[in-house]
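Written below as structure tokens is the structure these notes are about.
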Amino acid sequence: MMNFQGSHILSVSQFDRTAISRILQVSALMAPYAERKKRCHVLDGAILNNLFFEPSTRTRVSFGAAFNLLGGFVRETVGVENSSLSKGESLFDTAQVISGYSDVIAMRHPTMHSVTEFAQGSTVPVINGGDGANEHPTQALLDLFTIESEMKRFGKSLDGLNIVLMGDLKHGRTVHSLSKLLSLYNKIKITLVSPIALQMPESIVSALSNAGHQVIITDKIAGNLACDVIYQTRIQQERFASKDEANLYRGHFSLNKRIYQEYCKEHTVIMHPLPRDSRPEANELDTDLNDLENLAIFRQAQNGVLVRMALFALTLGVDEKLSQYEKPVTWFTKK
Amino acid sequence: MMNFQGSHILSVSQFDRTAISRILQVSALMAPYAERKKRCHVLDGAILNNLFFEPSTRTRVSFGAAFNLLGGFVRETVGVENSSLSKGESLFDTAQVISGYSDVIAMRHPTMHSVTEFAQGSTVPVINGGDGANEHPTQALLDLFTIESEMKRFGKSLDGLNIVLMGDLKHGRTVHSLSKLLSLYNKIKITLVSPIALQMPESIVSALSNAGHQVIITDKIAGNLACDVIYQTRIQQERFASKDEANLYRGHFSLNKRIYQEYCKEHTVIMHPLPRDSRPEANELDTDLNDLENLAIFRQAQNGVLVRMALFALTLGVDEKLSQYEKPVTWFTKK
Amino acid sequence: MMNFQGSHILSVSQFDRTAISRILQVSALMAPYAERKKRCHVLDGAILNNLFFEPSTRTRVSFGAAFNLLGGFVRETVGVENSSLSKGESLFDTAQVISGYSDVIAMRHPTMHSVTEFAQGSTVPVINGGDGANEHPTQALLDLFTIESEMKRFGKSLDGLNIVLMGDLKHGRTVHSLSKLLSLYNKIKITLVSPIALQMPESIVSALSNAGHQVIITDKIAGNLACDVIYQTRIQQERFASKDEANLYRGHFSLNKRIYQEYCKEHTVIMHPLPRDSRPEANELDTDLNDLENLAIFRQAQNGVLVRMALFALTLGVDEKLSQYEKPVTWFTKK
């Protein structure tokens, strides 16, 4: 088994299938704590520094809550304007100093590869919470964990699945990273539904094909959504020359109850990285799907906590002693 | 007794007198912990998400400290600019996600009724920390708790009191909510002192009258301040057509030692929601009152912690097991 | 021994040598906890309010981590825009309210003497984290602690040392406060290397001379750096009439490996208050020194945590019971 102790978590590319399996396995162990069946204080007294040099409420709160759920303290920094980085301090220096105040660090930063550069100066494990257009490995891991756990309900595993990725596949960081992880598994059918101008980068398509997967590239919904999982990403208007051009694609690549019932299977699970734009003109993932049991988007967000708990436990080497540090939950909970 | 477990706290209107009594009773139980006579860790391991989409240092820190005083962890978000809400995410979606990372949520938001909308998507109790011009129920509860506890010093209870509300009664959210709570009690004499243009809304006056209280409406201080409690709110200059017009009212509705000694009783207690504008031109609640034992404004602010502790304990169902989770305070304290 | 319980820490001038010795002694006791040899939960349940009305990531996180390392909770406020202070509330009122929510307060504020004014309204100890151009006592204490601990490696103590302060000595708050502390010790040789326009204020030079120290004032590096400790501060371009004028001094008062090897002793320890400007044009403290064992700048930053832990322990009166509240560290650590 791979030893995660003291490691940085910087990219999905650093893991082989065995490592991924271990992360997903430990994530599943975290469910009873997140669901408040019981609680765990294995990291009682430990300190996370949650450095969000680029703001992101959801990811920041998820990292912090994950650490609290294991009993640890969280120190937090939001925004680069408050930072020594703006006075010309190098990421190496910042890392040397802040890691001295931490047991582990989660970091988001707007610049590509900045988290890796930071990690080189850190004396404690660093977990990449997103470095610009480059990587957001915990999102990809929670997506994979979600696919695995949703498929379990139907007696299926990751191998042999039929998955649709739909929307802006050119710019979507999440679908790129997820595709890299899927490459580690066997005989997946992956249908890439997007406007021609927004197709998945060729390098990722090749990697999927070379891994023995069946890849279908299309710009049509009809006939292409009869899958196990459909992963929807937003059509980002700002990527187009004009709002009018963006509007050409709207509706063609959105999902609502009518489209779901017409083109998907009865058991097709819907995923989305969130936040979902719920304004009427967004036409992205309709709220009329909210009562659908197979809409997994909120379970997906909750899984983010499990995966982040797992990464803290693994990098800090406590993944095998969780059960020694359990306590009952003594307050009211509906979870 | 009303069961608060799992309930949202959205408005003072949701409570009857029995429920209010229980909240005030539990608030009083919290005093020894807040005063550091002993401490309580009944919420050890629980997570509050303190969502201040509209900044408010005092209220935010008070909620957070209240949760820490019961042993729980606090995650915090300040300002809407960092939030997924700005990307078109609905309050329902935000609530679904964040409540998954929480055991309880306190939320302030600039938009009326937004906290109620949010609560509909939340899987955990939500406490309204102020939703624009609408409600700020914990302020009203701490005001009521303060009146009750200050009156105890003089052997009086809420029933039969003689209370003056003074200042801008038209726009003051705090005096509206407090009036609604006072309606639940018996035979109160309420004197409403304000400029004619800033009188208490008719609906609230009617509710007080219909509840059997004696209501006096006046724009004169002389002869009207001989009461048990005077609750002062600020004359908000921005509500007037001009600074000159606002200045017409200044001094007539402010309080200082001279006015207090001339018009109030010896035992009249002074309250104010704070912050108090202490700039010389503000003419609001003079600092020459600071050495007056009956100036309750800072005790009032401290009571905010007790009431918020009580609401956390009640909604999380631990109000009856506080004493099982006590520990001594082992550090130096003057409190 | 001085009793620190309940005291404010506002200025280095409030301490005599006995008090300083006690602070340094307790700081040293904190090392095993900060280095994760073991942990200490003596302040379990206590609340620090970390009020950074002026942002400073490094100092803020250091105060917060120090409190967490002793087991306590941290509430935090960053920036004055979110504060009641902006609505005309006096520092006295703010202190009355916030101290009611706290066991101890750390505060940074852009206005000189504001922290002292605030402390007058506080019911709990207040530690000055920097009040504008006035004081930053924890920086001076960590600098002194660093000199002492670095010199121990060479069998030397603070008395009799040979120290160089170099850079902008006119405006550098840190070198002023450090000089005041050094005045308390015996027979130090202090060489002040700066541009003539940026010399150390006469009052501080006099205080050093009057304390019996040997003071050398020079604007030349050659022949003046053969010392035990060189404390480098930045040449702040904004203090000069023009960038060109600032550039006249660059290189003359910077430090790199070549200058170090030519002018310093083999054992000369390099200090700097950080952040260091690592942009190529900064010419301040070159990164080619990073592999030098005697570059103490990162150990210096770590020492900030020890000194802040010590001040929390002393003001809260727990400095003599640390060992009663020790626990093992159960997670992986490289420290």
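Per-chain residue numbering starts at 1, and chain names A, B and C are given in the order in which the chains are listed.
Quick note on the criterion: contacts are C-beta pairs under 8 Å (C-beta built on N, C-alpha and C of every residue); 3 or more make two chains touch, one makes a residue touch a chain.
All values derive from a computational prediction rather than experimental measurement.
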item	value
Interface residue overlap between copies chain A and chain C, same or different (over half shared)	different
Copies chain A and chain B - rotation angle from C-alpha fit, nearest 5 degrees	120
Inter-chain centre distance, chain A versus chain C - centres from mean C-alpha coordinates, in Å	40
Of all residues in chain C, the ones touching two or more other chains	73, 76
Chain C to chain B touching residues, read off their complex	5-6, 42-43, 45-47, 49, 73, 75-77, 81-84, 87-90, 92-94, 96-98, 100-103, 123-124, 315-318, 321, 325
Sites on chain A touched by chain B in the complex	34, 36, 39, 41, 55-58, 60-62, 64-65, 68-69, 71, 73-74, 76, 78-79, 274-279, 282, 287, 290, 298, 301-302, 305, 327, 329-335
